[in-house]
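Single-structure report; data block below.
Should a chain be cited, it is by its letter among A, B, C, D and E, assigned in written order, with residues numbered from 1 in that chain.
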Amino acid sequence: MSYLLRRIGFYLFTAWAAITINFFIPRAIPGDPVQSMVNRAQGQIDSNAIHSLYVLFGMDTDQSIFSQYFEYLGQLLRGDLGLSFTFFPTPVSEVLGDSLPWTIALVGLTTIVSFVLGTGLGVLVGWRRGGWADLVLPVTTFLSSIPYFWLGLIAITLFAGDGGAFPSSGGYDPGVTPSFTWDFISSAVLHSVLPAVTILITSMSGWIMSMRNMMVTVSQEDYITVAHAKGLSERRVMVSYAARNALLPNVSGFAMSLGLIVGGTLLMEIVFSYPGVGYELFQALGAKDYPLMQGIFLVITLSVLVANLLADVAYLALDPRTRREG
Amino acid sequence: GGGSSAAKTPSNGVLTIGMPNGPQTNNSNPFLESSAGASLGYRRVIFEPLVMTNVVKPTDPGKPWLATKWEWSDNFKKVAITIRDGVTFSDGQKMTADDVAYTFQLLKDKSALNINSIPFGDIAASGNQVTLIFPKSQYVNQNKILNTPVVPKHIWSKMKDPTTDPVKNPVGTGPYTLKTFTPQTVTLVRRDGYWQAPPKVTELRYTSYTDNNAQTTALANGSAEWSFVFIPNYKAVYTNKDPQHFKLWFPSVLAVHGLWLNTERKPFDNPVLRRAMNMAINREDVVQQGEAGYFYPKVDSITGIPTPAGEPYIADAFKGKNATVDVAGAKALLTGNGFTYNGDKLVDPSGKPVTITLSDPAGWSDYQTDLEIIKDNLSQIGIEAKVDKANEDAWTTNVETGNFQGVLHWTNNGYTPYDMYQNMMDGTLYKPVGTGGVSGNYGRFKNQQATDAIARYADATDDAGRKAALDQVQQIMVDQMPVIPLMAANAGGEYSTRHWVGWPDEQNPYAPAQPTLINALDILLHLQPAA
Amino acid sequence: MTAELDAPASGTTDDSDVVLEAEGVSKHFPVRRTGRDVVKRTTHHVHAVDDVSFALRRGHVTAMVGESGSGKSTVARVMAQLHRQTAGTIRLHGEPVDVRGGRRFRAYCRAVQMVFQDPFASLNPIHTVRYHLTRALRIHGNAGRTRAEREAALEDLLASVQLTPARNYLDKFPHELSGGQRQRVAIARALAADPEVLLADEPVSMLDVSIRLGVLNLLRDLKDRLRLAILYITHDIASARYFADDIQVMYAGQVVEGGDSETVTQSPAHPYTRLLVESAPDPDRLTGRTDAPEDSAQGEPPSLISPPSGCRFHPRCPFAMDRCSVASPPRLEVGDQPGHWAACWLFDTPSVEAAS
Amino acid sequence: MAVPAADVAAAVPVEEPAGKRRQAFRFLATGKAITGLVIIGVLVVLSVIGEWIAPYDPSARSSDLLEGPSGRHWLGTTHLGQDILSQLLVGTRSVMVVGLVSGLVATILAVVIGVTSGYLSGLGGEGLSAVSNVFLVIPALPLIVIIASIVPEVSTLGIALIIGCTSWAWGARVLRAQTLSLRRRDYVEAARATGESTWRIIGVEILPNLTAVIASSFVGTVIFAVLSEITLAFIGVSGGAEWNWGTILFWAQSQQALDQGAWWWFVPAGLAIAILGTSLSLVNFGIDEFVNPRLRTGGRMRAGFTPVVRGGDR
Amino acid sequence: MSEPVLEIKNLSVDYGMGPDAVQAVRDVSLTLHRGEVLGLAGESGSGKSTLAYGMTRLLPPPGVVSGGEVVYHPQDGAPVDILGLNRPQLRKLRWSEISIVFQGAMNSLNPVHKVVTQLCDVIKAHDKRSTPASRRARAAELMKLVGINTDRLDSYPHQLSGGMRQRVMIAMALALEPSVVIMDEPTTALDVVMQRQILTQLAELRERLGFAVLFITHDLSLLVELSDRIAIMYGGRIVEEANARQLYREPLHPYSLGLLKSFPALRGERRELTGIPGSPPDLRAMPSGCAFHPRCPRAFEPCADRDPVLAAPEDKTRSVACWLHVPGAGRTAENSTSSTTARS
């Protein structure tokens, strides 16, 4: 248990450091939210509006960056993430509330499916070394080296263009309202097929590779030979002896990738116009929407940390060697 | 596909509108540019202006809307507005002069909402009349004032802080009310009790696409029927998909996009060089290749005033004088004024070869293309140009502080050329290179005559005075060329006539075609179901 | 009378020969605290070595035997000052040493060198034999001033561990050498410091039967030629008999018996030593009939975190008496040979007499 | 009684010391790694000579607007009539420079921080490890975007440095773990017992043993850096004045090349990236196989049932 | 002597295939009789493990059995050649007839499963009708058999000491009451006290259950004490095979002698230790003739040229492969016939 306690202390420190960095670094960018807004409008916002925008965003007062920082920390402790500039005056928490479920549903599910499928395939490929299984590797290597946005755009052209079977953008049909109706769910699912498949294609090979390597390593352990010597069925040896042990290192990788769900999908969401956090972050970066950026970074930081904590716990649960009595 | 098939089928009374602005948050505050209402444009069909004006025909008188009559005192320091009778808000409450006065008072009190920085003085309502008094002439701002959307006092006065209220249930006098809001799609439905003949479109569906590509795709497959988006090679990608119905119309308005030169940097402080550069640039190529031939219409007049919108304002001396490519002329001009050629390299009078760095943010692909073309053009007269694909934030700061040689940039926009000229040349905006916080005159143009003439135009009490002032400004523009105007800003849009007809176009320019301007409402009122 | 002996056990040689001695040395390793400990503010320690005293003499091999985990390596590391002792003193030529890195540590290294247990792990796989030896010579200033002197020093070194001709070995990487050759290189490296004491931690246990002998003979030869004091650590009591002058037996972090090697192996006194000797494979005890003595001890080695009270062997000891679980036995003279002692109450003459 | 030393010597094959070279980079000698290295080599050559063998100036406009592949333009042209093959060739350099420079920068940082924090116990080590964990937590791409915005002039080299300075944390973590496992190795202790200084132990005893891990982390960073650079260019955050494959894709995308049917504008650059990525991955696999020899594919064999090949081809 | 239970005939095992194959076990013949302990000794790398794994076909890639026969004689029924079995047949035979105890018990037990699970696994695999309760009961019985308290059933391997793990492995090996147990250095990693405990237990169990043991170690002194017969391997071949006592008293092969002279004795006279000079042969470059001749102090003229054949020199109970014991060696050049084990 002390192990967990120490981890938690460590996580708290990391969280604080990350939050601090997330506060200061964006503010070092030249320019400010107002100018970005004017720039984005490319003439549609009058230069006379600049002053009123400064007033609107509360940026007309001279407040030292440190007092802002402590104010921000105070806000955070109260659970207040501030108001987004891009969507002024919508609270950051609301922006996140709108986008987070999409990301988590699509990417979360895809990550899990990718892990399960990739690991499963990796088990097979690692177990049946030589023969057809080895052909999987070059193919997956190639697929995983393709830049994601490129694959996504090609997929859109091929499958979502004229007469294509899939919609090219968005999270659901413009016509339907999010609710627990068949219409909405089917449309959401349909919209998620292409993004999901492209993510699967590029991310699965990582799991296949690492699982395969672990399988190969583990299948030369003595206890596997013993399991064969015991006359256990091939399946049992593969699953209960080899895969069960090979899985352990992959678990922490999986937790890591769960943590990256929120931050790692920027490109997918840009390419597929998916209404998730990644796209929001991209916008916030461009708009210098400090509160939104901080909010999203906070979510990312927390999810990575929580995922790591989960990985630690999972390791404790899965590997009896790390469990301690007493 | 699923997404398109639903939208492709004609839906009864529904019009689908798209904007490439990404997911929205539930915010219909009409005064905030950051709201979904502004970004998608639906605030225009909920909140109505006092007067409907048309940027495409800036000299046309405005259409009475919530105001039936408005009278400016001679020096444009006072306006008396008569409010229309029988107008109700969508919650059933009558709209009165009180509401109008409240709206102006709100702008006066909250400078955060006073986006046009109008200097309001006294605001008084009596009967159906509202009187506004200003400390100085509002000639150049008159339409901006009259375009103010009217909000219901009984609701807004109860808000804790109207500047930070997302107005999730917008109540206005317009013919539509908000039905549902999702970050991706906003649906509005037609309401009963609208004060004039109701529009035929019973439901508006605003979809926010993440980027231009998604928006273009939606237009091309018919799932969006009306939009405002830049489409490269629009024929191949858009109109050819259904040439009969897919249309676009991008009329120019009184603002330009041009090559701003830093007039304090040698050798670009020399107006001769600026004029010669102007002569070398091939506007046709810029517009055709960079702006896809339509997005920003070409500016022909050497005064920089976009036509046809600004036609009436062009000084007689310059009427019909168009900028043309004249490399030989440019060279002659240069060599006649102390410039020399070393081989084919241009050398300035002080003996230094002329080079220029043209800079714009890397992500602005049309501007980048334009710059590539300009670079090519400038090499014709021996100027070696370099295109810098800058980082947007750094670029913004550089433009602000005058730390650049040449950038493509826009000007302000208005109902007279005043806004654009003031933006380019007003000496009162001048700040030395290195100092930021400027809102115009990025090129650091310092010319007292121009400054005076601009001020005279705004304050003049009669048309003759204004014309004289504007003529002088144009003369200075042509002589000094602080900005090389290339193309006009637009107020256009892409639309489909498959289900709805009656859109504005070249022949019938009753309104700009852009779905986010106040005229959107006017257009909706013009739309008829296709036969 | 309790014949308590002063450490170290006196041998035949006089005390001026003592080079390095340990007196009451203990080494405790803190172990990871559990959540409950954090609350209770207690810490646990592995009592890897407790109150160990002995001396190493010039030209003398002292063997240290004991089962795995009894603390033999820890003793060696403490003696080499790779670990700092928790308690006790280490004396070099009678001077207590207290070195913490830096120049004084180097000076200490020059006198006391260690050879590690595993010849496959103790040479850096990426460096050549030449590198290993040159560094060791350089650090201790034995490399000479010129290249030729250095080469000569290298050749001498390799010759002293019988790796000749030197040029065949100098530029080899460890993986190109056999286990025995590697161990010789490791010994050569230790000799490069021109030490007085060699701490050899199981120098042959990783080696094959046929190679072991070569290394052991080499050590013995070095002892004779260079008058080195050698601590030979092993768990193979037979090799200790063969190779060492005297033997210290360790059990659970303590030395439980000491004496000259022939005596300890042929007439072991402490019950644990007896168990050890009886357990060793013996070809003369033929074919399956492992007529193990009835009194042979069973059970597991004790926990070093909370070692048994009194004599640490008492839970397994067939001769355990009441007092064994209460009081820790001191060193008691066995009486058969001079210098043979055991930490066992059985040899507390008055009490044994009283019991009989 | 002693074993005659001469016998021992005679039994080992004597090799000439001259033939012995330090084989620190043996790990690149596996089949996969060689394939990868050859491809990378070709790309490196292209990145040097690309400028000269490119048929056109990549920025030069021509009147062949948006033409498909032809004899004149093997990979077609852009909307400005620029030759895409030339852009691809000239763009190779920037990609390779960013990959190498940021790989180097990140690897050096990772080594310094990872190894030091692994070897030093106590506060110093823990602090460094905490720093790298903080960098791990902050999402890399957004961080790069932000830092790229802070720096006024982003040249190719600037991008490379930024990517390098933000992507060392993973390598540092791996190296720290490795160092932790190495620092208790006998040969490290032995070096200490010989009297070596701490810095010499880190630099000479530990570091070289991490070569393969370092190389693998280098290759990993290069892949990451190349993809990051291309992504940055693609989303229009950085362009620099120089061509790279990401810029090509940026132009293709902003001109909606695929919608216009101009696949030749979009496809080759993506494939080039994939090929570079694949070759780097191959090198990495090679290193993996070196570090873990069990991974070497040993033909069509499976554990548990040793094949019986009676009268085999011997 | 009793009937054979396992006969290895001319077994050869290679690592790899084709031109760069390494032959680690060369033409080995060996017979294990019912109920006996056959010791197999030899220095590291002599091919002991390869032989054990090869004959049970458990050798991991790139190992290949390249020739010979391994005949198992069931209690009742016809002899089977293990090398000719297909997977299911082999799987059925394994453990129920021939079980194996490997060197590293820590590595032989799956670290993530409880001891009881692993014990029950093997029962379940061979007895489909057993119930979980019956399996657990049997597991408890087995644990008692090797002297471990049954409350350790639910422990994970890492919670047990090395000696306990080794005993669990022995218990597992006996779970199905096989007739042959192969033990590859089962006690090398343990210290002498623990080793003694386990060997004592093994001897008791064998007396009770009557299985035959092939015991592999390089500790000859241990084997002499423990086994009935001893075979000595060198360079992938059996160089000598004899009754344990005979071998200890009177080793015939110089290599066996060398091995015996490498061990210091704990008791009795301090005897002369000579050891074996030189180092083991390189499998890729085997010396011609007798593989031991470069290290052999008594090598003479035929040794470098011709391979000696394992044959009985004077009586029928032992055999040796050495020219010293071939009458008239140096003249005969007859080594084409394959070697045969002297069998009773």
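In this section, a residue touches a chain if its C-beta (ideal position, glycine included) is under 8 Å from a C-beta of that chain, and two chains touch if they have at least 3 such contacts.
All of these numbers come straight from a predicted model, not from anything done at the bench.
The most distant chain from subunit E, with centres taken as the mean of CA atoms, is B. No other pair of chains has as many C-beta pairs in contact as A-B. In terms of their C-alpha centroids, the spacing between subunit B and subunit C amounts to 90 Å. Subunit E has its Cα centroid 48 Å from the Cα centroid of subunit D. Chain centres here are Cα averages; for subunit A and subunit B they lie 39 Å apart. Each chain gets one centre point, the mean of its Cα atoms, and the points for subunit B and subunit E are 91 Å apart.
Within subunit D, the positions touching two or more other chains are listed as 1, 3, 8, 12, 149, 152, 235, 253, 259, 298-299, 301-305. Across the assembly, subunit A contributes residues 29-30, 161, 220, 225, 228, 234, 270 that each touch 2 or more other chains. Looking at subunit E, one finds that residues 53, 58, 60, 87, 90, 273-275, 279 touch two or more other chains. By the touch criterion stated above, subunit D contacts subunit E in their complex at residues 1, 3-4, 7-8, 10-13, 298-299, 301-314. Chain contact summary for the complex, subunit E toward subunit A: residues 53, 56, 58, 60, 87, 90-96, 99-100, 102-104, 107-114, 121-122, 125-126, 156, 158-159, 172. Of all residues in subunit A, those touching subunit D in their complex are 10, 13-15, 17-18, 21-22, 25-26, 28-30, 127-131, 134, 138, 141-142, 144-147, 149-151, 153-154, 156-157, 161, 213, 216-217, 219-220, 224-225, 228, 234, 237, 260, 263-264, 266-267, 270, 281-282, 285, 293, 297, 300-301, 304-305. In the complex of the two chains, the subunit D residues touching subunit B come out as 59, 61, 65-66, 79-80, 148-149, 151-154, 233, 235-241, 247, 250-251, 253-256, 259-261. On the subunit E side of its complex with subunit D, the touching residues are 14, 17-18, 21, 53-54, 57-67, 83-84, 87, 90, 272-275, 277-279, 282, 294-295.
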